[in-house]
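Shared chain: subunit A. Partners: subunit B in the first complex, subunit C in the second.
And then the complex of A and B:
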């Protein structure tokens, strides 16, 4: 039980199970998936399809957060990429041809990559804080998207483009293939090679990892570029869903949803250790929550309230103070010799988890050089405990 | 003696100029603001008129209030993303309670107190439970926005005579027009200035931003002050909502969407470092005025579309951030 409670996936999965249970009680057919014309239909499939853009963005966001950064501009990149793709298609002579769509997607992704590189340039070369560096593009990006669409909502009819989101492949929506496929590929690349460890090293202590021969700057830059690229892809999925380039509302607040998904998944905003499986669970929690609110017949405007409750619950349960309580309770129930070791591990983990500013027990690792060393050594203990 | 005095004072003046790189970002903001006003004045007639200046304050009174609160939080090295939603919540509370027939003298304190309570909740989550400021205030942002829709999904007009009389009061100083909202906003700036520079609380805020660990080792009341900063920000946001309701005479759940970004941009343009510890409330006031001037210029230009505002604010942010970065690099 204690092992299960400590596992990083416990709370997000518990939240997901609770949401699904609530839905099934309200509407018993919730989990039913039917096959019509060889395509899968049903609420779980809908949730996955609606979650596809968020999944892509949360994937990039997790990697960025692992390097101690954050990317606020992804929502604006979503708007820009959707606007560019649809403007190109609507201006072309043959909107329905696959070649036009391919070129449109290529241009949109290229631009998204450039925007990601721009963020990376500000963060790594100029050394601007990530939050402020990406705030610049967050503010200006929507203006650029409006510039591209001329302030109008461009609507387009193009079957191949529409198929990018709502088409089916082997019975499963294309959007799910794209998002989940990319997610799996990136997860494998990050975890089966040293890349993930190098990213964590960069996030835990940029200076130390550089001295140890990790090319932190290149890594960080790559991660921002990838985040931009994924956001561009998400923008294509979003615009293919509505077939309208809405510079004002496409991907609005998606950066916040993505950050929430990452946090619910147990990746700390202070950087370092990250887990993509947690992010996946976090994305599903948010997507299911949005669905739940409609199933229960509550106005979608009230969704933020429930989102806030889930976030507060999950973050408080993951907070060092509460985890310490759990640890103490577990020690009391165990024999003394084992308990002592448990307490040691527990405190090391708390120090790592609290690095973002827990206050009294845990020193601010980012600002105090002395605390940096402790911070760097702590995750080793943590790995033994959690993985 | 008469010969030496001018020399000494000149040297003293020179040394104060050289000694205070802290004032450079604020000075930069001031120069940019003056430049924009000058360029506007040469390009358009009627630009450098008292009415334009008055409107600059009247239209941005709520943003001034938000920026004052945000300055406190950013000085401690934190951030408050909830201010836009808290502003909306405050307008909705004011409008719905006034509609229910409550007296103004009760409604306004209740609305402001709601903001303080949300700020307190942020502070406790951040300080006691070690939640990141970004995440805690993000949750607060969602919470307040959702609560707005629970209270009132539609826009509620405010027709209470006492409130409209309070909001409608104005006074002409020469050709300059002041409204109650502007007076409250400027009083808030003055209070913020005095609290930050002349009280123990304010100096502790700076100390936390400069280095939380050092502040703690010095025996300063870090926990209390940090929570206090978020309470100040929540209160200021609710006051901002009151000023917004005075301007709009209505309460609506979609008021102030993304306004937290404007507030953060104003504070950053005003020369406050997001890492904390450096910055001034008066700089934030200048930052708000700069944002307001951009909007005014774009209105005067006429054929420029509103999205240029966003692009110009983005570019301005970039320039200031790079400038600050260059300054801080030269210092080290």
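And then the complex of A and C:
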């Protein structure tokens, strides 16, 4: 129990289960998935499909955050990428041709990559703080999208393009294939190669990493470029869903959702250790939460408040102090002599996660008691049990 | 000592599973004594202090203050009961005034819900006077030397009724005069009845100032002695648990193989950087240890950083085995077999959130690039090899480096660079702030590596150490290499002389 509680995936998964339970109580058929024409339908599939763009963006965001950075411009990149693709298709002579769509996607992704490289340039070469550097594109990007659409909301009809989001492959929506597929590929690449370790080293101690010969600048730049590219892909999924190039509203606030997903997943905003599986769970929590609002029929007036309450709860539960309380409470109930040993290292690590870096920056005197509690509670508890 | 101890710890055990940091340690501190807490890094000194002040929870044992059993919830609670701690790094606010630093949060005088500034300044001045410190309480703390800041920290610690003062390595960044003024303050406090717990790596300081000492080793209590009754040699034996033979063997290994002339492995010609170090010439031959001697700020570190590409030079050339090479960054230097460990172990050395394994393979992996990960089996072999060879404790590849003692972190860093099989190893203060045993091991390792043909540039603030290990010594003063001398027949006095008269003979030295 203690080990499970200390696992970084525990609270996001618990939140997910709770949300699903609430939905199932309100609507017993919530989890039902039906097969029509060989395609899967149902709330879980809808949630996954709706979560696809956020999943892509949170993926890039996790890697950027691991290097001590942040990318606020992803929402704007979503708008730019969708606008470019749709404008190209609408201007072409044959909007329905797969070739047109392919070129449109290519241009959009290329532009998104350039925007990501721009962010990386500002951060790594000019040394601008990531939050400021990406704030530039966050504002300017929407302007670029406006420029592309000429201030209009361009609606387009193109079956192949629409299919990128709502089409089906082996019964599962294309958007899910794209997002989950890329997420899995990147996760495997990051952990199978040395990329993950070198990114973490860069995030934890950039100076030491440089002296150790880590190409921190190149790595960081690459990660911003990838984040831009993934946001571009998300922009294509978003615009293929609405089939309208909306410079103002496409991907609005998605950067905040992505950061939230990363934090819920247990990666610290202060950089360093990251875990993509946590981010995946975080994205599912947010997507399910949005669905829950509809299922429970919560009034639109109180929707933001409701979402805030859930998010606050999950984030609090992820914080090191609260996690430690729960772990202590759990072991008092159940006598285990050293159940926590295996998890000790890992969890001390992840614990920094939801703290959002606040604790890490604290002066030593402030931080010491927390760190002490983290370690010392174990022997303390054992004593409790033996009495 | 028939009086009651002001602090009495009995059977204190602290565990960070699976590690036992302190095992059943007893400790007594009497009023009016300076008590030295001795032990190697990782012996449990800091843990004992943190257990006493409530930073760590004890899993067994009792803590009694003035005969009453207590369990503090943290340093603040301990301070409220008269136990104050001053750490190695000054934990004050440099942008505030001396008076504010002394009084705020402790006993600041209030008036109408605000602060009574004139009174605060007056009280602070009184406290400073009590310490024998003649500085303006209204001046900003930043404007004073580190030593004065340290004394201000002690002043702050003793403002409110202080029965016990814990000084954790207060002298590591002070020079001799500053240490003397610190000791004067300590003696004054002792004579007024304060019990002082003193931690230091400098044996001569311990013998100068302490009355009694408690020795810890590997988390256990070795014993308690009156300082006058324990000879320094015996103290070292108690601390490292074996006789000081290790230290002697290093000296014997010296000069076994004086490197031949041949071609220098690395040659710097007129290498310099404006505002950092004046152009210098230096060559290092295969199998040679070149020591750098000079005071703090003399340019030792700056020289090493130019040599290894950590900083970019703006004049001069570097020849690696006879060929001119541009070493613009550490990677370029690594490609030519040059490795550099920074003096700033925490800031530029270890990656504290990663494991011992990851830290050791970091440079090797960085050289290969992320696309070609080292096979896990090879990594495990390398890491196990170095843990064994260098005696890294705990011998757990998955332990977080942050939880290792200073000496062991240093060994992890050495392992990181040895794993890249460098031809030239530049070690900047590799033995600073680590204990006697680890220090001897690192010195021995350097001698062995040189004997096997590796070139080493060795930087240390301790002249004896530099002299003992090096074949040649470059002496620096005021950001300039003022002399290069062979170590044979040279004494520390001679080098001190060179450092001291550097400015007088500037004309002929250049």
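Here is the rule we go by: the second predicted complex is superposed on the first by the 317 of 387 C-alpha atoms of A that agree within 3 Å, B and C clash if a C-alpha of one lies under 4 Å from a C-alpha of the other, contacts with A are read in each partner's own complex, and residues count from 1 in each chain.
FYI, a residue touches a chain if its C-beta (ideal position, glycine included) is under 8 Å from a C-beta of that chain, and two chains touch if they have at least 3 such contacts.
Not measured: the values here are computed from a predicted model.
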Q: Between subunit B and subunit C, pick out the one touching the greater number of residues of subunit A.
A: B
Q.
Looking at A:71, would you say it contacts subunit B, subunit C, both, or neither? Reply first, second, both or neither.
A. neither
(Q) Just to be sure I read the superposition right, which of the two partners does A:211 touch: subunit B = first, subunit C = second, or both, or neither? (A) second
Q: Kindly classify A:324 by the partners it touches after superposition: subunit B alone (first), subunit C alone (second), both, or neither?
A: neither
(Q) I'd like to know which partner A:241 touches here: subunit B for first, subunit C for second, both or neither. (A) neither
Q: Could you tell me if A:290 is touching subunit B, subunit C, both of them or neither one (first, second, both, neither)?
A: neither
(Q) I'd like to know which partner A:131 touches here: subunit B for first, subunit C for second, both or neither. (A) first
Q.
By the touch definition above, which subunit A residues appear in both interfaces, subunit B in one complex and subunit C in the other?
A. 363-364, 368
Q) subunit A touches which residues of subunit B in the complex? A) 77, 79, 125-136, 138-143, 145-147, 149-150, 153, 211-213, 216, 222-223, 226, 253, 261, 264-265, 268, 274-275, 305, 307-311, 313-315, 317-318, 321-322, 325, 329
Q.
For a test of understanding, state which residues of subunit A touch subunit C in their complex under the given definition.
A. 192-195, 197-198, 200-201, 204-205, 207-215, 219, 272-273, 338, 340-341, 344-345, 348-349, 363-365, 368-369, 372-373, 375-380, 382-383
Q | subunit A contact footprint on subunit C (complex, rising order) | A | 13-18, 50, 54-60, 73-75, 87, 89, 91, 310, 329-331, 334, 340, 342, 347-355, 358, 362-363, 365-374, 398-400, 416
Q.
Considering only the defined contacts, which subunit A positions touch subunit B in the complex?
A. 70, 122, 126-129, 131-133, 135-144, 146-147, 151, 247, 256, 259-260, 263, 268-270, 299, 301-309, 311-312, 315-316, 319-322, 353-354, 356-360, 362-364, 367-368, 371
